[in-house]
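Reviewing the structure listed below.
Here the chain labels run A, B, C and D in written order, and each chain numbers its own residues starting at 1.
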Amino acid sequence: MARVLLFGRLADQAGWRDRRIEADDLAGLRAALAAADPELGEALAGPGVQVAVDKVLVRGEAVLTAGAEVAFLPPMSGG
Amino acid sequence: MARVLLFGRLADQAGWRDRRIEADDLAGLRAALAAADPELGEALAGPGVQVAVDKVLVRGEAVLTAGAEVAFLPPMSGG
Amino acid sequence: MSVSLTDRPFEPGALVTAFCAGREETGAVATFVGLARAEKGRATVLELEAYPGFTEAAIGEIVDAAMRRFGLQDVVIVHRVGRIAPGEAIVFVATAAGHRREAFEACDFLMDYLKSRAPFWKKEHGPGGVRWIEPTDRDRTDATRWDQE
Amino acid sequence: MSVSLTDRPFEPGALVTAFCAGREETGAVATFVGLARAEKGRATVLELEAYPGFTEAAIGEIVDAAMRRFGLQDVVIVHRVGRIAPGEAIVFVATAAGHRREAFEACDFLMDYLKSRAPFWKKEHGPGGVRWIEPTDRDRTDATRWDQE
């Protein structure tokens, strides 16, 4: 089970910000999220959305260990 | 009687910083100061020494009213 | 060096007092306080979201870079998160250096980063509703000044 | 706007607290604190002389120029005079503006003036005796940056 965190407008859009989802890798996680909410799936793949696994930014694919924390980060607005 | 104020190294050199001296104008005041202390007279005419009369910088000559305050300001060092 | 987030109002003056205390070889302390503007009633509350752990780490990396680049003695950053009322402090940055040029430039550099690239998501609650805020063009331009050198 | 001299130690943090209070349309407060350095024992006491009345007026003119040039909302300057021990604050400058670029630049501009051209005379008392300090070349160069624009 990965722990999925959504931030900023992604959390507003999804209506949640913290959820546990079964997935072995990022691609599987994206597919599971898109199956449950196609609009969210599209937003997560949108321009400027970055992904952090266990608080480290990753590009492209990543294997998810048990208990991995996956965060979807929309464009950062600064403080 | 003009009130004469010396600042910074000029006061150290003269050994005083506030004195009353009889003079009708700046030239007369400089002459009186130089007569009493020739080295000070030279220092007051040195490069970078500015003169303020009643807290306003003056260049060249100035008439001194009764009770005028004349300040000799060596190069300002900033704070 | 310290980077922290807080969801409670904080007092920049108290941070300055602590930061300046006991410094015998620091000639220069530059600070910046960012305050929430009322925008003449257009903005009523600012809401800032961070990713705890990730956000401090990302800011910490920039602080390390600034320490080296500007030869700083110390840096403190405190950033507010959550709902912020007009007039309240959003961000505090303090830099300590031997001389003022380094302290000023580092403070400016850190603020440009914080305002444009730091991992925060910002929402403005106003009479017209809620909107997410993205960096302005000027924020982006300011931040790139440091890349070109 | 306020410019003052004091011959007693002052607390920069308290000045920041007062300066930031009740600002609803100020987005940016930049401050600078200049502290007396021990110079690893070479300097034990700094002694600053001002010409009361003349010095505040001269600084006030530059503050007026900065208010106009950078569109500032407010400025506070406090400058210590007399004998200053290492670690004590010599000068405090705070600038308030709508946005940070103006606040930073004005604070930098005012400090460059204060360090190079303001009517102070400065003496360093150290183990090797007493010496009068004049502006460094860098102080002069920093101050001329603003003339060229």
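The criterion applied here is as follows: a residue touches a chain if its C-beta (ideal position, glycine included) is under 8 Å from a C-beta of that chain, and two chains touch if they have at least 3 such contacts.
The chain list, named the UniProt way, goes like this: A, B = Molybdopterin synthase subunit MoaD; C, D = Molybdopterin synthase catalytic subunit.
All figures in this text were calculated on a predicted structure; none of them were measured in a lab.
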- Query: Which neighbours does subunit B have in common with subunit D?
  - Reply: none
- What is the chain whose Cα centroid lies farthest from the Cα centroid of subunit C? B
- Item | Centre-of-Cα separation between subunit D and subunit C, whole angstrom | 23
- Chain centres from averaged Cα atoms put subunit A and subunit B apart, in whole Å, by 76
- Item | subunit B and subunit C, separation of their C-alpha mean positions in angstrom | 49
- Note on the structure: Residues in subunit B with touches to at least two other chains are numbered none
- Please set out, as single numbers or ranges, the residues of subunit D touching at least two other chains. 34, 115
- Note on the structure: In contact, pair by pair, are chains A-C, B-D, C-D
- Quick one: in the complex, what on subunit D touches subunit B? 34, 48-49, 51, 53-54, 57, 79, 90-91, 114-123, 132-135, 139
- Spell out the part of subunit B that touches subunit D in their complex, as residue ranges. 5, 7-9, 12, 52, 55, 71, 73-79
- Message: Could you list, by residue number, the parts of subunit C that touch subunit D in their complex?
- Response: 11-18, 20, 22-35, 37-40, 86-87, 89, 98, 100-101, 103-104, 107-108, 111, 115, 138, 142
